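Note that the chains take the letters A, B and C in the order they are written out, and that residue 1 is the start of every chain.
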Amino acid sequence: MGIPLEQILIQTINGLVNGMILALVASGLTLIFGIMDVVNFAHGELVMLGAFTAATTLATTGNFWLALVVATLVIAVFGALLQVTTLRPLLGSGSRTPQEVALTTILATFGISLVLQKYALWQWGPSARKLQEPITGQFTLFYLQYPWYRIATALLSAAIIGALYLFLKYGKYGIWIRAAIQDRVMAQAMGIPVPLLHTAVFAIGAGMAAASGVLFGPLAGVTQTIGADFTLRAFIVVVVGGMGNLGGSILASIFISLLEAYASLIVSPAQAVIFSFVALILTLLFRPTGLFVPTPK
Amino acid sequence: MLVLDNVHTYYGKSHILHGVSIEVRAGEVVGLLGRNGVGKSTTLKTVMGLVRPSEGHVTFEGREIGGMASHHVAHLGIAWVPEDRRIFKLLSVMENLRTGLDRAGVTDAKKKDLLDKVYAAFPVLGERRGQAGGTLSGGEQQMLAIARAMMLEPKIILLDEPTEGLMPRMVSQIHEIIDVLHRDGVAILLVEQNVPLTLEASDRVYIMEKGVVRHHAPAADLRANHAVIHQYLGV
Amino acid sequence: MRRSATSYWIGFSIILALLAVAPLVLPEFWRRFVTEILIWGLLAMSSDILIGYTGMISFGHSVFFGLGMYGAAAALLWAKPANLWLALLFGLAAAAAVAVFVAYFATRLRDIYFSITTLVFSQIFYVVIFTWTEVTGGENGLTFSRPALAIPGLFSVPFTTETLHWFVLAVVTISFLTIRRVTQSPFGMVLQAIRENEPRARAIGYAVERYKIVAVMLSGLFAGLAGILYAIQNKFAAPDFVFFLVSGEVVIFNVMGGIGTLVGPIAGAAFFLLLREGLSRYFTEYYLIPVGIIFTAMVIFMPQGLLGFARRRLNQ
């Protein structure tokens, strides 16, 4: 086929950059599933709302980084409220099996995603918002001018995920969260306030989703529909990476993004997503616990 | 201190507890014997708030706790060591202990104190403190489960079949631990299939059958009179 | 029991009569609307076989609907003169082909993984149809003419709005009766056992996989049938109908109406479409906000749906 090496290398970098942004979204989603069996269909909408919130903040203050922080916090709080009002009643009864909870929550969050999408349309209108990137300028990469901003997003996403990893590994609350993911009932019997943890984790996931939306903003226009794409890809990543598995979802994000990046050398970008779909289906059929999860004992 | 009064509990549609009445006073070791499936574990779970009683009362130090969320129950001073131990397998030994240690109002000095005490009682855990819980042997996991409960500085420990699947040497270790806890003034509600151990370690014993308490006596009486044991447990 | 069976059939006949008379008394817009409700109701019913009876939530029903539509489109564009029965054949064949794949997934995947896979699977078809412009007309879809109601060699009568409505009503009614028969048969009982407790059904000795395959095939075929009817009524096929939103709406119909009741999903479809019609007068394109809120609230507080709720009230 003879695709030039430079193109492949450029797509590799693109894949890594996109992969890190996606990892930010997917890691929140997988944590939320791991700790409370909620399949958050509205996760992409949290990304979208984060981007819009930042756009509005940016328009008033002119400071991108401030907008990033504001959007992350606002959506985190919003996520917590959402969880307490709609998801906690669903989880509360405790008489449902995890599968039932997962299915009911996917329906409820589907409804929420519809409402949020249309709300965004009402609040911000149909035309796309543009987020101005904070770091302009490009460097020469082979025959291309590659924007610095893209590298910055990858690094920033990696930093946020790194911070999350450290928090989970060493903090007191990190231990609580990891314990609750493994055995919710026992964790609660040890005095750990699991319902509060649920809300906190949902808020963290929402905040991370919002952050990725803000980072993604300058790369493409912000409209109400960008959420759906993120949700779909995040689902694929979470399943391929192993549901509830943080490391797996990060690796899977990079894997899927690289896959699509390379695929768009051959087919159009719209069709490249089919490769991800196929990866998902193959994973489910042959390694359902996740591609990057060690085979269960 | 802990009183169950005519407690009925259901699992879905199954009526497991048909009016259980049990009492544990401060500092006592109370044994709960019975065949498999009579509802011993369910009794402990009802106390711990893992299942809600449909009828009857569970009171702790005068306060009604039936149906209370289990993290609140733990805060009141009740610790649970479940039948299958339920160690956090992916957490290290130290992290397992920290789930009980990291509580509000515990100074760092106190934490160190508790840890030292537990490592002294269970040297093996001290050796393996950085290892993942899932890599421990059955007996070691049991010790970790008990140590973890001790981190809560509980007033009463609900011990569910601690000697199940353990070698005789470990069984006597468990006996020692129960005695140590007893000396420290911690009450224990001990569910067991191992009759000799229970009779040795307990002050009083209840015998359950089909979801109700059928017999209740001081352990000393039962040590002397085996007929009752034969009658209910066929042992 | 016998009393409620009689009253059931009386109710059924009344509704059937009302629906048959509808095109004669209603204004133009509402005539088409009622026909559409029937078609979406059929789609919702087909989905209920999986969601309500077998306990498999499919988020990809739009793929069967869409392929039925495009299959019919293919027949109507290819054969001249446009042949109704060929359209039915092609549409059902297309839907069946896809159903085979989904049936395979159904046997390998459980619960949430099955649901996500159906979603992803139907999105694959959406992307393919959307981008394969030469064959599928891409974004713009395909337009074609409506076939006549014909039996070759005997007669050929073009459809009017009324006769089309009665044709659709007949097809949907027969489908309803057929599906009802199936769900109330021993086969249907096994499906429900699978929904209640799959491991136990398996332990009892049922070949769960086979039952699931048949359930998926049935569900897919009737969904495809709905797609064919839609194509005939509207004379176009578009990728929008394969898009996830349609699958999502189908799930909404089911949940709102009451899963596992067959009638419920049809009622849910009617309820949703009427809500949409009514609310879009006030909220224009934002009607989905109140509808979405109602739907979410129902999932949380009224999971048995409208019908389940009504049934409970009536039983009290």
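By our rule, contacts are C-beta pairs under 8 Å (C-beta built on N, C-alpha and C of every residue); 3 or more make two chains touch, one makes a residue touch a chain.
Everything numeric here is computed off the predicted structure, so don't read it as measured data.
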item: Innermost chain by mean C-alpha position; value: A
item: Chain pair showing more contacts of the two, A-C and A-B; value: A-C
item: Farthest-lying chain, centroid of Cα atoms versus that of subunit A; value: B
item: Inter-chain centre distance, subunit B versus subunit C - centres from mean C-alpha coordinates, in Å; value: 55
item: Centroid spacing, where centroids are CA-atom means, of subunit A and subunit C in whole angstrom; value: 33
item: Rounded Å distance between subunit A and subunit B, as computed from the means of their C-alpha atoms; value: 42
item: For subunit C, residues contacting two or more additional chains; value: none
item: Residues of subunit B that touch subunit A when the two form their complex; value: 12, 48, 50, 69-71, 73-75, 80, 82, 86, 88-91, 95, 98-100, 102-103, 148, 152
item: Complex interface listing, subunit A residues touching subunit C; value: 39, 86, 89-90, 99, 102-104, 106-108, 110-112, 114-115, 117-119, 121-122, 228, 232, 235-236, 239, 268, 270-271, 273-274, 277-278, 280-281, 284-285, 288
item: Subunit C to subunit A touching residues, read off their complex; value: 57, 105, 108-113, 115-117, 119-121, 123-124, 127-128, 130-131, 244, 248, 251-252, 255, 285-286, 288-289, 291-293, 295-296, 299-301, 303
item: Subunit B partner contacts - residues on subunit A that touch it in the complex; value: 95, 172, 175-176, 178-179, 182-183, 185-195
